[in-house]
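Next come two complexes built around chain A: one with chain B, the other with chain C.
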Partner chain A sequence: MVPSLFMMQRFLFPGAIGCKPSFILVKRYNCSSQKNARLQDDRWIPTVGLEIHAQINSKSKLFSSAKNQFMAPPNSLVSNFDASIPGTLPVINKECVRKAVRTGLALNCKIQKTSFFDRKHYFYSDMPQGYQITQYKHPIAKNGYLHYPTADGSVVKRVKIEQIQLEQDSGKSMHEEGQVTLIDLNRAGVGLMEIVTAPEVSSAGDACAFLKELYGILMRIGTCNGKLAEGQFRVDANISIAQQKTKLGTRVEVKNISGFKHIHNVIEYEIKRQIRIVEEGGIVESETRAFDYETGFTVSMRDKEIKQDYRFMSEPNLPPLHVYDDSSVTSLSNPSSVINVDQERRNLPKLPADIRGHLIESFHLSFVEAEFLTNRNMENYFIEVMECAHNLNPTVVWNWIKMHVIAHMVEYNLSSIEECYVSARDLAALLLLLHNNEINAETAYLTFTTAIQTRQHPDKIVEENNWKMISDKETVTKLCEDAIATLQCTDAKALSGYDADKPKSKASKQAIKRVIMLVRKNTNDKIHTGVAKDVTMKLLNYKRTS
Partner chain B sequence: MSSTDVLMKPLVSVLQMLRNRVISTEELLHRTYTRINETKSLNAFVSVVEKNDNLEFCIKDDRSSILKGIPFAVKDNFSTRNISTTCASNMLRNYVPTYSATVVKKLTDAGGTLMGKTNLDEFAMGVGTVDSIIGPTRNPWQYDFQHPNPDDWYIAGGSSGGSAVAVATGASYFALGSDTGGSIRLPASFCGVVGLKPTYGSLSRHGLISLVNSMDVPGILARCVDDVVFIYNILSGNDPRDSTTVQGKVEKVVMEENPSVKDLVVGIPKQYYGPDVSPEIIDCWKWAADTFSNNGAKVVEVSLPHTQYSIVCYHVLCCGEVASNMARYDGLQYGHRSDGGFTEEMYAKSRNEGFNESVRGRITAGNYFLLRRNYRKYYEKAQKVRRLIQTDIKKVFDKGSGKNSGVDVLLAPVTVSTAPQYKTFAQKTNSYRTVEHDIYTQSANMAGVPAISVPVRLSQAKLPISLQLLASNFNEGTLLRAAKFLENASSFQHPKFDF
Partner chain C sequence: MLHHCCRCNWLKILFRSNFCQRKLSSSHFNCRLFGSDLVPSTSQWIEIKEEDLPSKTILSLEEVRHVENLALVQYEDLNFEKTILEDAIRFADILLTVNTDDVEPLYTVLEDESLYLREDIVTEGGSAENILKNAQSVMEDYFVAPPGNIALSDSEHKSN
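Showing the complex of A and B:
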């Protein structure tokens, strides 16, 4: 039989039930309802350690030349090595190493000049070799840390990064009804970075804040695509509770959580579950649990009798992995063929924390505003708008970017601002028109959508459509005076309700409205109503006092 | 075998004949197929390539290639595209690779004709070529081709026994084998052919089905040192598909007709004088040492103090890697799959039916050694001792280390005896046999150094006695020079088998 990958796609075996993760069948220690939601949580100190599996954004897999791509037909991206065909050997993908090094540098790690690969053994149908190649003892990066702002940005905290290891992703098993298991090896062998933190996080909120910061960094340095729904950023959380800070409780591992909201829920749930067990006199078992996305519970994954022993051994088919620095690279005959850590450090872009800091300091944006722009790679666009038009209010610019530019990008599924037809320069011109009261907000939005459709400059659009409003004080005053005079002659009662001491009273407002309505009529709706309103008030005040 | 038998001629001569059209490639292939048929009862081949397929291939060949259609054989644990590769195991009985091992491809690209896949112990675990799904391979020496006795014949040695027999009988000019603990040198010595285990990393393992990745080396079996050199020069070098191969260029070995050994220091490892070694072999070893000495070489006694621990450590390390490498055979993607049951049950049943007892035994032992609670006690300790053995050997070859001037080659027995009879051999367990026969060969694998088995003379029972030479890493040039000298000095003759 020629090994046919296509066959595997249709592969089924009758015993599939035995292969189903037991979390579908077994449910224990579920927090039953909301009635116990308010436990005395403050007596307990939770401790959370995180292991993040970030898929490396590389063209091909970690040890084979098969493509790394999502949504390809099943088993269409599988090399002989990925399918564990006998006699095949791993060959390290330098692009993956480079990206792990960049990640290590961004997380302030010490990059190991020599690291090694190990085999971690267990049988699972979507891991064809019977072992995963990982870095167990000597990972590529160690001893880093990350400063992250809490959700509102009010406090900056620090988490120690224990290590970053390179490893293979597994394939995917799809357990279908009718006891059939389908296996797709497209993902098998894709490079992962496993980022391991120290158990130093003490709440679900902090865990999420840390993860968001980490996520932003990986996006920024381009080492992970970060598509959460596609499992490119998966988290294992180790959670325990204790009464004193010095002593850690028994830890429970919840595996394979995607999505920040889910992570938050899992940690919250697990902390509550553990507190409940202990307060009811029980003992928290050291175990691995899975998150059930449907119920929102965590459930035990493996029989506790079966303790996994991974039988680690060093991977004999891969030589030690070397990276170099400026001083060691000079002794090589072909320095361009290796990875120079110093060079990678120089090539690192500005990280999110620095960008946010700059936005807050130079433009007085709030943390949330700065974070919003940074997370969406919009800071340069924002800065360019501000540079084109210094007197604009940064918050107004931010608001416009958020409400219109980004909304447009989302609507049209644009991946970067370069694809948007309204450049920063154009937006600046548009916002200046608004700022100078030459158009109002409504016209500004109309101009914006027209600019996207016609790719014309806002000035030209406003000009050609004759959308400019009458807003210069002198003209407006003249128009308002005329209107007041007309009203006084034709309908004296219209203005009699105005009270200069109570300009916000119903009668005062009514009087102003009458004037404005008349001005609008007289100018064919070209009057800038905001300006006219101010002017009318002043005129009416003057009339009363004089 | 008379000198008129073209199938027994050295490569250089037969290539000359092909070039001068004294014989055609087709004729050569016809004769080889006849020889394979004549020697069928030896059970050297697991599978033979269809005659028509090969004839078609050689007609297309333009004769300008290096090997001009020369027939060769490959041990059945090297992947061969569209040709079944069984590892002599039920697990891979019906497995056909979609690609060829780098070494196989290099030979076919050079114009060689692959005749077939040769027998071995299942997954190359064994020293006899007796534990195979197609049954044991028989040694042509002292074999009665006309009236074969089902019980009374000598074993070929293993695990590359099929390749050794194919070469010894002229069914191939040369053959590929793999050597993890002595699997080329041992059958070569039992069958009276030359067997080279090159330096780890000098030949690509890509496509060789792994036994022990850190020790496996593809190697060459041929009837004379010159032929080994010829093929080694085709095969050696970096392969981007095998990250453990040598970086940069490997120098081609150039061989003289009558190489001198005047400048060589030959080491005699004193720990290899075991009480179990047959007196005939000790005698042959002494003769060889004297011959080197009489021809100007400096012969010195050297010490490899950790030799006695080597075989035990080899066993631990070998089992650990075997357990790991065999994990992929779960019956899902390829190989034997049992019907029914839950997934784990199906795995267990498939593996139980797919592997023989000695493979299963090594897997079990290996998993035991790798358990978290045992790792330090066994696996890590064995790795440390392996380092000591490597250091022993490195020191012996070290030219710069003052006191001991450093040797160029080591001269040692290959094993304790000549080929045993199947009757006697079959009574012992696979692991006992390994300990007995790999005792002097596996050190070279532990250290990665090149070693060669050279037939020297016949025993009283008219069976080949061979000796082993070892050199330092990537010093095949010196190793092969010493081997050629030994070959020239010895009186060994390839016999005329009575087919």
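Showing the complex of A and C:
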């Protein structure tokens, strides 16, 4: 079930005195977070359009079969085609096409049965051909959308995805003290999916929320590895401000931002900068700016004289790219040699929004809790624990996973929950013991760490170590009664401080503590202190009244 | 006798018939050696009158400089270059006399072909030495290039 697209608000129709209040659907433009509230100057409406370059998770590059790998000796993963040696031709990678189709389906796009490739010309040392092969006019996917949660899931917004296109990445250039540039072509030719949104995002917070959701989806469907440090997910932001919602101001492009925090800072800074310019009476120039990570400013990049003209032309070496569906694939002699869109649609896994929805609905987790599990691919682990032990409190399970399971994974350097030393079933058993008060919190933690070290079942560990606590009401009541009786004989003052009307006062707590201490001593610390406390309080209350 | 078949561009020895037989993919083409309906037998020349063409495109020196920058060339005499460019554009203006209403643009002569998808296996690359073989300047296995586009310095945001 897709959460409500708009905020439902109650309004009285203007001028409708005495009318019954009606519900009107109101589209919320501004995120309610405090950060944006500070920034927001209500006269200026910012508009942000995003272009995301996501490196495709494939073994070889898009048009050459050189290896796609981040760390490697310079120029060691370069084929003749990547180096633009004459006499070479592009040969497209089927896996890249499949991943682009998959992404398109996950973003609700219409997959184009036929798409074409174009050349985008510009000169730069890290692009030996002098042009980039991209899909300008007829991309592989068009007209999608994405619903993304903001404000901790309470507001769901929507952005139109204009298109998704396949294109080549460029090489890497390192500038050496203004003297020379060193070029490494290992990355040249790696497949990218360029995801272009409509200019509909209206704040830095929203942009980040959208990007996080997109990122989660790409990771979930496995089309991008999302290693931000390796530049696998880069964002270009097109930012403009206007006084009316319907108009769009001059846009400024900031390229190649990597990292969610940086994206937030860039967009915020740029909006502020543009507002400042127009309020001082100036005009915002249409240009491309770079982001300076150290200062947090955007700085002008291109020389103002040269306006880029990419001279798009069709790529003459590549025939049209066809993808098929169930009906058209039957006429082919070799169906496995092509991409079947219907098959890819069937193979799509559950997307983060659906998983979160399921967790929230079935287990009454909060949005933040559901998001936590989904982002780490731990939802199945959690669900399995809950299925093994239905009575458990989901929040307790979640807390345990968040604190102890994650700590364990970090310590043992495990990358996925499947590698966890404590299986979901075992954790369920452990938490059930805790739930039934057969062990207390301390012992539970001990059992957990022991389970990690010995890989034994928690029940067995508790039994072997004799950690089971006395917690059944009858026994506990008897023990407490005995303890109270003993204290009244030996040290009556100990219990005198107890005040039934103020059970939380220092004196009362002290009294209870004395009782518990004695019971612990008598039972060799086997008493479940939590249960004992409750019982003691009841008994003392009863004692007072009697 | 060797004759050049104008249709299928093959040199064929003329045997008994006037036909050259050559299998092209799955179909069998029978070309007539000399002349077909599509290729005229004598040269044809159609005169295009100056008045039929739209007005000549005049470039400003700014634009000529812009084209120079885009093409990474530089001539010494800007005015001469301007004349050459304008004449070249004029020559191409002949194309504008052709009526292309309702005609789909041809993007590639391979439009009836389908792009072949290769399997995602690594088979190339691996030798930096090979790739760098022809480079004019190499430094520690990197290509050396002149300094590229670097962001303008702090002077801009110092004033902010």
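Note that the second predicted complex is superposed on the first by the 501 of 546 C-alpha atoms of A that agree within 3 Å, B and C clash if a C-alpha of one lies under 4 Å from a C-alpha of the other, contacts with A are read in each partner's own complex, and residues count from 1 in each chain.
Quick note on the criterion: a residue touches a chain if its C-beta (ideal position, glycine included) is under 8 Å from a C-beta of that chain, and two chains touch if they have at least 3 such contacts.
This one's a predicted model, so the numbers in the text were calculated from it and none came from an experiment.
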item: Touching partner for A:Ser79 - first (chain B), second (chain C), both, neither; value: second
item: Touching partner for A:Asn541 - first (chain B), second (chain C), both, neither; value: neither
item: First, second, both or neither for A:Pro320, with chain B first and chain C second; value: second
item: Partner chain in contact with A:Gly87 - chain B first, chain C second, else both or neither; value: first
item: First, second, both or neither for A:Thr150, with chain B first and chain C second; value: neither
item: Which superposed partner A:Arg311 touches (first chain B, second chain C, both, neither); value: both
item: Partner, of chain C and chain B, that touches more residues belonging to chain A; value: C
item: Which superposed partner A:Arg119 touches (first chain B, second chain C, both, neither); value: first
item: Touching partner for A:Gln343 - first (chain B), second (chain C), both, neither; value: neither
item: Chain B versus chain C as contact partner of A:Tyr131, first or second or both or neither; value: first
item: Chain A residues contacted in one complex by chain B, in the other by chain C; value: 80, 83, 91-92, 121, 123, 125, 181, 183, 309, 311, 316, 318-319
item: Residue ranges of chain A touching chain C (in the complex, touch as defined); value: 58-60, 64-67, 73-83, 91-97, 116, 121, 123-126, 173-175, 178-185, 273, 276, 290, 292, 295, 297, 299-302, 305-307, 309, 311, 314-316, 318-322, 337-339
item: Chain B-touching residues of chain A, taken from the complex the two chains share; value: 1-3, 8, 11, 13-19, 80, 83-92, 119, 121, 123, 125, 128-131, 181, 183, 309-313, 316-319
item: Chain B - residues contacting chain A, complex; value: 78-79, 82, 85, 87, 92, 94-99, 101, 205-210, 212-214, 240-244, 320-321, 323-324, 326-328, 330, 332-334, 340-347, 367, 370-372, 375, 379
item: Chain C residues within the chain A interface of the complex; value: 66, 69-70, 72, 107-108, 110-111, 113-128, 131-132, 139-152, 154, 156-157, 160
